[in-house]
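Have a look at the structure below before the remarks.
Per-chain numbering from 1; labels A, B, C, D, E and F assigned in written order.
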Amino acid sequence: MNNSILSLSCPMPKLDFDVITLGHGSGGVLTNKLLESGVFDLLKNPILDEHHDGAIFELDGKLAFSTDSYVISPVFFPGGNIGELAINGTVNDLAMCGAIPKYLSLSFILEEGLTMTEFWEILLSIKAAAEKSGIFIVTGDTKVVERGKGDKIFINTSGVGQLHPKAAISAKRVQVGDKVIVSGNIATHGIAIMSVREGLDFETSIESDTINLNHTVEALLDTFGNDIHLFRDPTRGGVATVLNEIARDTKLGINIQQKDIPVIEEVYGACELLGLDPLYVANEGVFMAIVSAEIADDCLKKLQTFENGQNAAIIGEVVSEHPRQVVLQSRIGGKRVINMLVGEQLPRIC
Amino acid sequence: MNNSILSLSCPMPKLDFDVITLGHGSGGVLTNKLLESGVFDLLKNPILDEHHDGAIFELDGKLAFSTDSYVISPVFFPGGNIGELAINGTVNDLAMCGAIPKYLSLSFILEEGLTMTEFWEILLSIKAAAEKSGIFIVTGDTKVVERGKGDKIFINTSGVGQLHPKAAISAKRVQVGDKVIVSGNIATHGIAIMSVREGLDFETSIESDTINLNHTVEALLDTFGNDIHLFRDPTRGGVATVLNEIARDTKLGINIQQKDIPVIEEVYGACELLGLDPLYVANEGVFMAIVSAEIADDCLKKLQTFENGQNAAIIGEVVSEHPRQVVLQSRIGGKRVINMLVGEQLPRIC
Amino acid sequence: MCLAIPGKIKSIEYQYDGLVRMAKVVFGGITKEASLEMVPDAKEGDYVLVHVGVAISIVDEEEAQKTFKYLEEIGEIDELVQHSQIDASEGGTQWRN
Amino acid sequence: MCLAIPGKIKSIEYQYDGLVRMAKVVFGGITKEASLEMVPDAKEGDYVLVHVGVAISIVDEEEAQKTFKYLEEIGEIDELVQHSQIDASEGGTQWRN
Amino acid sequence: MKYLSEFRNPEIVEQYIAELHKITTKPWTIMEVCGGQTHSLVKNGILNILPKQITMVHGPGCPVCVTPLTLIDKALYLAEEKNVILCSYGDMIRVPGSKRSLLEAKANGADIRIMYSPLEAVKIAQENPTREVVFFAVGFETTAPANALSVIHAQRLGLKNYSILASHVLVPPAMEAVINDKEAKIEAFLAAGHVCTIMGMSEYEPIVEKYKIPMVVTGFEPVDLLQGILMTVRQLENGEAKLENQYSRVVKPEGNPEAQKVIAKVFRTDDREWRGIGTIPQSGWEVNEEMAAFDANKKFSVNIQKVPECADCIAGQVLKGIKKPFECSQFGKACTPLNPLGAPMVSSEGACAAYYHYSEAMEEALV
Amino acid sequence: MKYLSEFRNPEIVEQYIAELHKITTKPWTIMEVCGGQTHSLVKNGILNILPKQITMVHGPGCPVCVTPLTLIDKALYLAEEKNVILCSYGDMIRVPGSKRSLLEAKANGADIRIMYSPLEAVKIAQENPTREVVFFAVGFETTAPANALSVIHAQRLGLKNYSILASHVLVPPAMEAVINDKEAKIEAFLAAGHVCTIMGMSEYEPIVEKYKIPMVVTGFEPVDLLQGILMTVRQLENGEAKLENQYSRVVKPEGNPEAQKVIAKVFRTDDREWRGIGTIPQSGWEVNEEMAAFDANKKFSVNIQKVPECADCIAGQVLKGIKKPFECSQFGKACTPLNPLGAPMVSSEGACAAYYHYSEAMEEALV
């Protein structure tokens, strides 16, 4: 999305306050004023009812339910902001379950002093992301915490989706010979964030690739059904951590090829500079699929036809050797074990 | 619930860390370690799957969906802590929709430095509250923010419930003549919290009355069905604000009688001392029902048979006069308009 | 201005090396600390009027009764209002605002 | 120890009232500021080795080529590795790690 | 609660109301001086059960309302200084300064804390030895002993990081200002019970004598207020002008000598500006020379530009009872409790806020 | 990226590997001195494609690993002082002190910030004039110019609130200590390329001559390392002991004279304690007298109890290449990267951490 265009077409309603204060979370006039200011009209839909305690809708059958809180710093980063992240994140988690995301809840924890223009920009991103993914935001909440007890804005989204009829997503279905696919360049999001962190900041054109993956996932399930054994989005902890979780849960080994892992050059440069390993850097617009070997190439081709899948690649496979371990073959042919991230990834001096 | 007994019977798993650090939210080893430490085993149930992106369950028909973030300070207060509050709050919001709460998501934003013993105590309360209300926590998330960017712990819960077959809860159904019932003593929770606030603290035996209301609400719906027109829990902003919201949404007037509003003496004393009005103080274990006049007395009697309903009272009625306004008749017979809370309620000098 | 309410002295202690007399004062079941420096005669059991943490006066029971006798005194009331009827509950029982 | 990587000087400016020479150095598409105080001869277009924000050496292209000629020189390699083949992409194109 | 509930007894209220209706024969305009009394009249719905002939006018007795703009700006300036913790009473922090309120400054990062008591601010100073703690000490005579005590406590503790920004105003000069204003047509006063608790009644005798105006020292509960009004109306109807004491359970004629001593230790009398009213000679207390080390005015050199008050706001006339809030062109329009243009719209005691909550809605709501 | 990707070219790697296999006839034990080299060997999986006869031993060249406990405790103490912002490099903050790591102190509220460069810490000092900013300046010769520059910048800016806690160690004395240790059986060295970039090669000539030990100044990329190893093995196989420079594109024989000048401006040589190894004479740099105002050691009087290191930790022997990490009784048991007992388990350069990630799993994983 392009925020600047949206902002132009969607001016903020005229308000008699510039910043969020504690009163906006008190439940009284200010809260109602915020709710009725037109600010939240952005997100209007027939189910969203600001004045009751919850939303009512009809859904049948197997449902997926997921939650995530978003606490990113800084809130605005190259390529996006916390708003679209919060929508895409939960939409994607539902998609990773093999579900078609339907309804989202949206809950804000605002820090006293957040400016309304910042909040408005975030809301615009939320709206755009919600529309793009096709979900409805049906229930919400706004709390305000004292200055110094929050970090501008935290967002929780929880989502309900309907399981795709052909989906059979489970770690139990992963088997030896399955191929590991990543849907795009890795580490882009995490490095975009790091580029604006105090003490580390650098100039770059790297932008977060946060995007909704549900349409892509739905199309893959339409075509390949239960030949897709597992979806995972390698967010916190990166690709390495998710691969380790899969190895642990399946009790199988995983081999990956360094040369096949797609990383854009800028990201690579930043990783070199800070001493980070792209395999451990957080992603947002990327998912991993473990698919049966027979359909892996077709699946990759299909994936590559999508907006967010052009750089998709088969990076490895599931093996019976070294159970519970992930082994990387380096570009120069050496091998090493890839462990989970220990603690946080911190920039190194050496 | 009695935390001390629970704590005795439920010792915290042995851990090699005492406090939460950023690494626990990094998604890597520490996050997995926290997840696998047994700490979250407390909440185990067949649907909760820590290792995937969401929970899968079956539900049919009309569903209610609600979210709330909990940001209370202090986190531990007389009579409870943020944990049970977060469970009861969303359970109650679903109940207020006329739904039977089924599944909850649970998302933590922990501040670096939170001690594991505090976290454990909160988890114990969550477990107890979940069991008491009969809901299942099926999906979760844990984020950690830097020291000074949070306030020990914020919790979001979102919940899905199934609409009670007899429920017909809607502001549109409220009509002139309907009675306004409160389910118990008001302002107790808010004053319990204030009693431990910096600069205001006082000694008291007042305890928060936070409790799940779903069983009570379900029983009322079983018996009185669509004679119950509206439920609302007067949390932030208190009874006054909710009454104003109802008056606004229904475009009707509401009269209430000061003498009929139940407030315990300690709470009354604290309000006098700090210059607060109990009508504006937040509640947790209390709900309001707008019911048809014919069943109001029976409904009250039934309500009074419940653990959390002994002090229930009919405090007023819906009128055609003064549309959109709430008017209180004072104990001495005077009248005044009750507005929404403006800003926060702050203790007064005069 | 000047929100001040009457509370009953539950206990007295000395602070600042014995220089300052502080009391625990009970207001309808809650207890708050208040300075007794302005009311040197106040003793346990007394009702004091407390404003922003400082007791500024001892409430005089005899004078209080005058309000209830005023109408009678000015000859305008027939039945004397019973004391028992107007005395507030002091316990922790439920209070209707 | 001492993570240091080579980057290309994009531009040079003076800070601290002209006392300190600082450069924008490009590393595979990202740009970071680095002090040139240790490499007074460095000029725009040069590759410098940067460690914790300080350029500590200019990379010598001629010397760099020796590594690729080493095996040949010691007479152990038949085919000369083509320079074109081993030169890295400098643009913003996709990079496979 | 003893001494509260008896004075809220509906039956006694009824008797007083009946008596008032009985004896009132002419229209009377009475000013209740104290904002606490205003609050009680409004909160208990007393205004609409009084005889129609009685008009209650809200006096200037709201310390929050009369604190001058410049002082609020000064408090704001100090609060925004990085190393200051500014403490004050809850109702003070919503009052708008020339640019913003303390609440807004807090939202923008200033360390501002709401205290029940200035003695707690001293504790904050003790706990934060590397910070400067400033207590914004607003108040009438009632609050002066507590604010003064905080200075004495800080001195005892040897604290070098505690000071007060005093905004202390005195009731008698304000009452005289109201009486002397030609536009104000007040016929009697309910004097402020808690102020008299401290200062006693002797200050008021000369006023009653000089201006031949009835005055009853009155408490704050419904029965108190009704008795006070009854006593006042009796004087008015009888053509008397006496100083009476309705609130004798608390107010002694001599006031509280201990409190007066403490005040004298810390404060000295001086001219003072009242927001919306202007400077009234000898109408305020400043920190005296002896305690200068605890005077935020002296401790911090702050040069605050004097800013004119909002031109449309007629707060001064409202505070003197000359105009009713709804006579103000901004009332309920640009000026609401959420967005107050003048101080009387801020505090729940403020006359404009009281009227906003009361009349605006009441007129349509209460048939 | 130019100068990186060429040196990671798989075909060239293959040629070097082939050549190495061809010429290696006997078992050789080579120490790569620098932790960065260790990291590259591990990360690129070079260790398991080298001829089996070649044993690479990880040297003490990890500044984070050799920073003594007392200094970490001192940094912790300063960080926990309320008014200090402690800045350091990312890998330093995980190293355990005697009670906790800086990371834990941070979780407990200390203001600790991770910096890419000490020059950024100077900016923090500029932006926080009321706080003390201490940069925990660890490093070998490579990092010394940057740390020294930060002091010079702070001096230029007239900052009074910036200081460094220097933990500067020198490579040549450590190499001699390794050679002189009877248990260490190192037959050749890959000298640390970036250290030599600063200091040049002249310091190493006497060592090579005195101990008749082959030494090749080596870079960090796979091709660099393999060329360095090849050059070393050629010497060993030929019975030579020369000082060679594989990393000539960066390392000049004379080093970087400007950097040496800056170092001399700020530091002086002194005895220094190495964690796990003990005190090595003249093996470190301290802030000199002229710059004493920027020396956190002098600025803050800190009395830190000297605490014995963990008795079971054999970090010293590991750092000198005498023992392999898995010979340590705690390795992988009580001591893991998540809960390190000794520093080499902390940094990803640390030999124990490298082995933990590599061997423990590798042995079963790589058939």
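The rule is simple: contacts are C-beta pairs under 8 Å (C-beta built on N, C-alpha and C of every residue); 3 or more make two chains touch, one makes a residue touch a chain.
Since we're looking at a predicted model, the values are computed, not measured.
Note on connectivity: the fewest chain-to-chain touch steps from chain A to chain D number 1. Looking at chain B and chain C, the chains in contact with each of them are E.
Interface chain A/chain B: over half of the residue numbers present appear on both copies, so the contact uses mostly the same residues.
On a Cα centroid basis, the chain most remote from chain E in this structure is D. Highest inter-chain contact count (C-beta pairs) belongs to A-B.
Put simply, the chain farthest from chain B by mean CA position is D.
Look at where the CA atoms of chain C average out and do the same for chain D: the two points lie 83 Å apart. Rounded to a whole number, the gap between the C-alpha centres of chain C and chain F is 73 angstrom.
Taking the mean of the C-alpha atoms as each chain's centre, chain A and chain B sit 30 Å apart. Here the spacing of chain A and chain F, counted between their Cα centres, is 37 Å.
For chain E, residues that reach two or more other chains under the stated contact definition are 1, 4, 34-36, 62-63, 89, 103, 116, 120, 139, 143, 338, 349. Contact with two or more other chains is made by residues 1-3, 5, 27-28, 32, 52, 89 of chain D. Shown for chain B are the residues in touch with two or more other chains, namely 21-23, 29-30, 148, 259, 265, 268-269, 272-273, 275, 331, 339, 342-343, 348-350. Every residue of chain F that touches chain B in the complex is listed here, in rising order: 103-104, 106-109, 338-339.
The touching residues of chain E, when paired with chain C in their complex, are 1-7, 9, 11-12, 15-16, 19, 22, 34-36, 61-63, 89, 116-120, 139-140, 142-143, 145-146, 149, 153, 156-157, 192, 194-195, 197-198, 223-224, 227, 234, 246, 248-252, 256, 258-259, 262, 349.
On the chain B side of its complex with chain F, the touching residues are 16, 19-23, 29-30, 33, 112-113, 147-148. In the complex of the two chains, the chain A residues touching chain D come out as 185, 195, 202-206, 258-270, 272-273, 275, 278, 311, 331, 348-350. Chain A meets chain B in the complex at residues 21-23, 25-32, 51-71, 73, 92-94, 96-97, 99, 103, 105-109, 138-141, 143, 145-146, 148-151, 154, 156, 158-161, 163, 171, 232-233, 235-238, 241, 245, 249, 280, 282, 339-345.
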